[in-house]
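Which chain is which? They are A, B and C, in the order written, and residues in each are numbered from 1.
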Amino acid sequence: MAKTSSVFKKIVMAVSGILMLLFLIAHMVGNLHIFQGAASFNHYSEWLRTVGEPALPPRTLLTVIEIGLLVSVAAHMWAAISLWRQAKRARPQSYVTKKSVAQSYASRTMRWGGVIIGLFIVYHILDLTFGAANPAGTDSTPYDRTVASFQNPIATTVYVITLILLGMHLRHGIWSATQTLGQSNRRRERTVSVFAVVFSTLLIAGYLVVPAAVVFGLVD
Amino acid sequence: MPLDLFTVGEPIADTKAPMDVPIGERWSERKFRGRLVNPANRRKMTIIVVGTGLAGGSAAATLGEAGYKVKSFWYQDSPRRAHSVAAQGGINAAKNYRNDGDSVHRLFYDTVKGGDFRSRENNVHRLAEVSVNIIDQCVAQGVPFAREYGGLLDNRSFGGTQVSRTFYARGQTGQQLLYGAYQALERQIAAGNVEQHARTEMLDLIMVDGRARGIVARDLVTGEISSHFADAVVLATGGYGNVFYLSTNAKGSNATAIWRAHKRGAYFANPCYTQIHPTCIPVKGDYQSKLTLMSESLRNDGRVWVPKERGDERDPREIPENERDYYLERIYPSFGNLVPRDIASRQAKNVCDEGRGVGPGGLGVYLDFAEAIERLGRPAVEAKYGNLFDMYAQITGEDPYSVPMRIYPAVHYTMGGLWVDYDLQSSIPGMFVIGEANFSDHGANRLGASALMQGLADGYFVLPSTITEYLADGPFPKVDDSHPAAVEALQGVRAQTRKLLDINGTRSPASFHRELGRLMWDLCGMERSEESLRKALDRIPEIRQEFWTNLRVTGDEGSFNQTLEHAGRVADFIELAELMCVDALHRNESCGGHFRAESQTPEGEALRDDENFAYVAAWEWTPEGQPPVLHREDLEYEYVHLAQRSYK
Amino acid sequence: MSLTLRIWRQNGPTAKGKMVTYKVTDISPDMSFLEMLDVLNEQLIVQGDDPVAFDHDCREGICGMCGVMINGEAHGPQQTTTCQLHMRSFKDGDKIDIEPWRASPFPVIKDLAVDRRALDRIIQAGGYISVATGTAPEAHSTPVPKKDSDAAFDAATCIGCGACVAACPNASSMLFTAAKVTHLGLLPQGQPERNDRVVNMVAQQDREGFGGCTNIGECSHACPKGISMETISRLNHDLLGALRAGARPKS
């Protein structure tokens, strides 16, 4: 019972969200290798796959990350969807007129925003990891694939929009996670909100510079 | 006295208090002498408790805890909504935490004097004794009373006393105390010891072989009328101030339960004793549906005044100090703004009658915090009274921090109620009455912060101890729906319900209620005279007549029907109003909240007539058309000497 | 002033409801919202129509009995109870939509009146301190820091009106539950049962069919007593601690 309680689900979400967040920080830093040129970027990608060899089998780190992420995404989505369904059951008949007063745009878009981010991740992996959905094809280097994607205006738009959504998801998410983990109080509330805004803006900016660099020809 | 209005029956007396020991030992002696019920037998006995206010909630929880099977009834959706929730100011207890000379004896003395020597000494003394346990109990339940920086409980003073013995939780003391009792009750419900009947209204009492054995109640949601049986019935249904339509009571507060029990034989004591609270927000228009109290605690720091000149319509802030009349401080230098309620109310009426009232219609006086804000600082005033100020601003649209509040007296509390003995048993064996519904402890005037004390004393400590004496003879033979008395009661209720629906006239129950209320306020309100009361007694039968021929109740009985609920309550108020007027007319003296124009001192204070009226008037119901019967219970004062009250 | 009201009329729990339009005139700005509805009902009764059912009792903002959605906001445009909302918050000619609280644990009884007993059952699950009458120690034996006592009081002012549920997009009763958990959890008297209280109350609100809280914050804005979001954080904190300490809800 305790493990399926609504609060427990939120805790699952917060913890998995934070794990994903840690990945996003690392991933963002990794992406910035692109400014050191194709070799560095590809090397980084290569390094990810070979780190620890020969002591460890190939792809150890990457596999750990992948499994960690997969579990997090799955848990995060399970909790989100089950809370969503619980909410639907709790109010089958909606109001004829309903205003929201406190809800920010960010908090209102958590659910659909999350779905879009989820779809994006699938597309993104097909695009940049496997190249299946990439103009440069499956046997290009990660660098080529990245550049190829961002030279395509449609792909770039998808990336940019998702990144902005992700930023909002995180802004509310960070605040929400402190609340869920019982760490928020009146004194901290402002600090947490400010931190959430600054942090998500920096993170998303860190991501956005990559497509921007490609679009403006700083990287090719 | 005119004999056409009532007849005089046998005197009555309380026989339960052990008079052979000194007053301070009577309560423990009573507990010792009373028979007990062993735990195994308790499980076999059922007790009906009607009402979940401080009195009923605490009683049901405590009896459930003790192992009886309790059935609890209330008309709102949740027990937490009983009108006790609205009490603001505080609760008295003789803890003497202030070391200011308080004691059980002083609380006892103040209460008897405050009640203008019309209460029973034994009951009041017990109340004062038990008061200290109440605070312990509530603190243990988590009631967040106001505290000092050292972590100990804070106290404040209240009208009618010179010590600080009032415990409070900002301006929401009743709410917090009630939640304590409510939580205890919910705990017993969860434990299966208390069976709950939410939104269920008691409409009659079932008597079998001269004992109270059950009630007839209507489920307000489904409309189903059914009988419920028990070994004893406890009524804790609150006060009947809504006779006046406009009062500080909740809209649903009613006299139905006690009135129908009265019609089954329970004596109704001192119905005319109503308390008019001095600090309420003045009435604004005809549509007004209720009056809102501003806690009396405001008189601790606020100063009451009116302009010296009549018809002075200047902005109060522009009236210079020397043109203001702080009339309470002037007339009563030693108690000042803290005189008891009846006195503060009547003086407000006097200055308004002189034409010095303020605000619309000249029905208001100022309650000014300018000086307090200057002395204590706004934050301190906010901390003490913030929620009251907010409430005032919300209702009037004015900011009391900058403009003095306007206040006027309003009907607030009813000291009268069903007659009970020291055991809180009514004149019907097996029916107990607790809280505001009984008449017991406040005499002709209740001191501030004493009703909460009485409700909890009755419910937590007194009734659970005294009821065992009665139950020791139980369990009583089983009764069910088929018993002729139950059938008769049930059919009576069904018939009355049908009757209300079938009149099909043109006026709503609310319109009758408003008419009755206005009449009672004008003729049987703050000041009564033989003339006004006779006028009322002429008018009320006419209203009753029109009610039963021209009422319109829409909808049907088999569903949620708030108009029908209201109609039933108004029918009872009309009958009760008549008894109130008879009682007021027969009591040809002034005492406490009952002020007869004919009986006043040269200074215009209430003048008691101890020679002729030092008794409780307990009224017996008689079938329609016959005058009620008066039973007197003489009041004797062994420990407090009868004296003209003085707060000068 | 004159107003056009669109009110949800529903004959019973299983009946289908719909919005019905009424006109009221001569409304004074000093009237409370419920007095405005009284005027409408008086009109309806005299016409022989069924008056609009709505819950109310104290009419002074403390019993928690009243409460309807007014133009999509719980208790209307001000942060107060419906009975304390005054018509000066509206202007002549306004159209006002009035609906009942909507949540499956709050079935409609009739029109605007709903059954909120689910909230009582959450209290039954643990919203109390177990202390049998007469067993309490002397009140001054446990001092309580003023700060804690004041914070406990703030949370204890919840009137159980259900506006938080009504306003929450998830129909969650979290603010209500959190207020009680906070009130009792802050006091020394509440410590022995603190872990069991929180797990059981949370389990009960799920069982009643309320939605889960996702920290949206509409509740606190609608709450007439201004119960703060901080209480929810505190509940979460207590729940985590309780689960870690091995507390499990009773079934």
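Assume a contact is a pair of C-beta atoms (placed from the backbone, for glycine too) under 8 Å apart; a residue touches a chain by one contact, two chains touch by 3 or more.
This is a predicted model, so every value here is computed, not measured.
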Chain C omitted: connectivity of the other chains: A | B
item: Most extensive contact between chains (C-beta pair count); value: B-C
item: Between chain B and chain C, centroid-to-centroid distance (C-alpha), Å; value: 27
item: Interchain centroid distance [CA atoms averaged], chain A/chain C, Å; value: 37
item: Between chain B and chain A, distance of the C-alpha-averaged centres to the nearest whole Å; value: 63
item: Footprint of chain B on chain C - complex, ascending; value: 11-12, 28, 30-32, 34-35, 38-39, 41-42, 44-46, 48-51, 53, 55-65, 80, 84, 86, 88, 109-110, 113, 115-117, 119-120, 123-125, 127-140, 142-146, 149-150, 152-153, 156-157, 159-160, 183-184, 187, 189-190
item: Contact set on chain A toward chain C in their complex; value: 1-2, 4-11, 83, 86-87, 89-103, 107, 110, 172, 175-176, 178-186, 189
item: In the complex, chain B residues that touch chain C; value: 58, 61-62, 65, 76-81, 83, 85-86, 95, 97, 133, 135-137, 139-142, 144-153, 169-170, 172, 175-176, 179, 182-184, 186-187, 189-190, 198, 221, 250-252, 284-285, 287-290, 292-293, 391, 394-395, 397, 460-461, 464, 506-508, 510-511, 552, 554-555, 559-560, 562-563
item: Contacting residues of chain C [partner chain A, same complex]; value: 6, 8, 19, 69, 71-73, 97, 99, 102-105, 167, 169-172, 199, 202-203, 205-206, 209-218, 220-222, 228-230, 232-241, 243, 248-249, 251
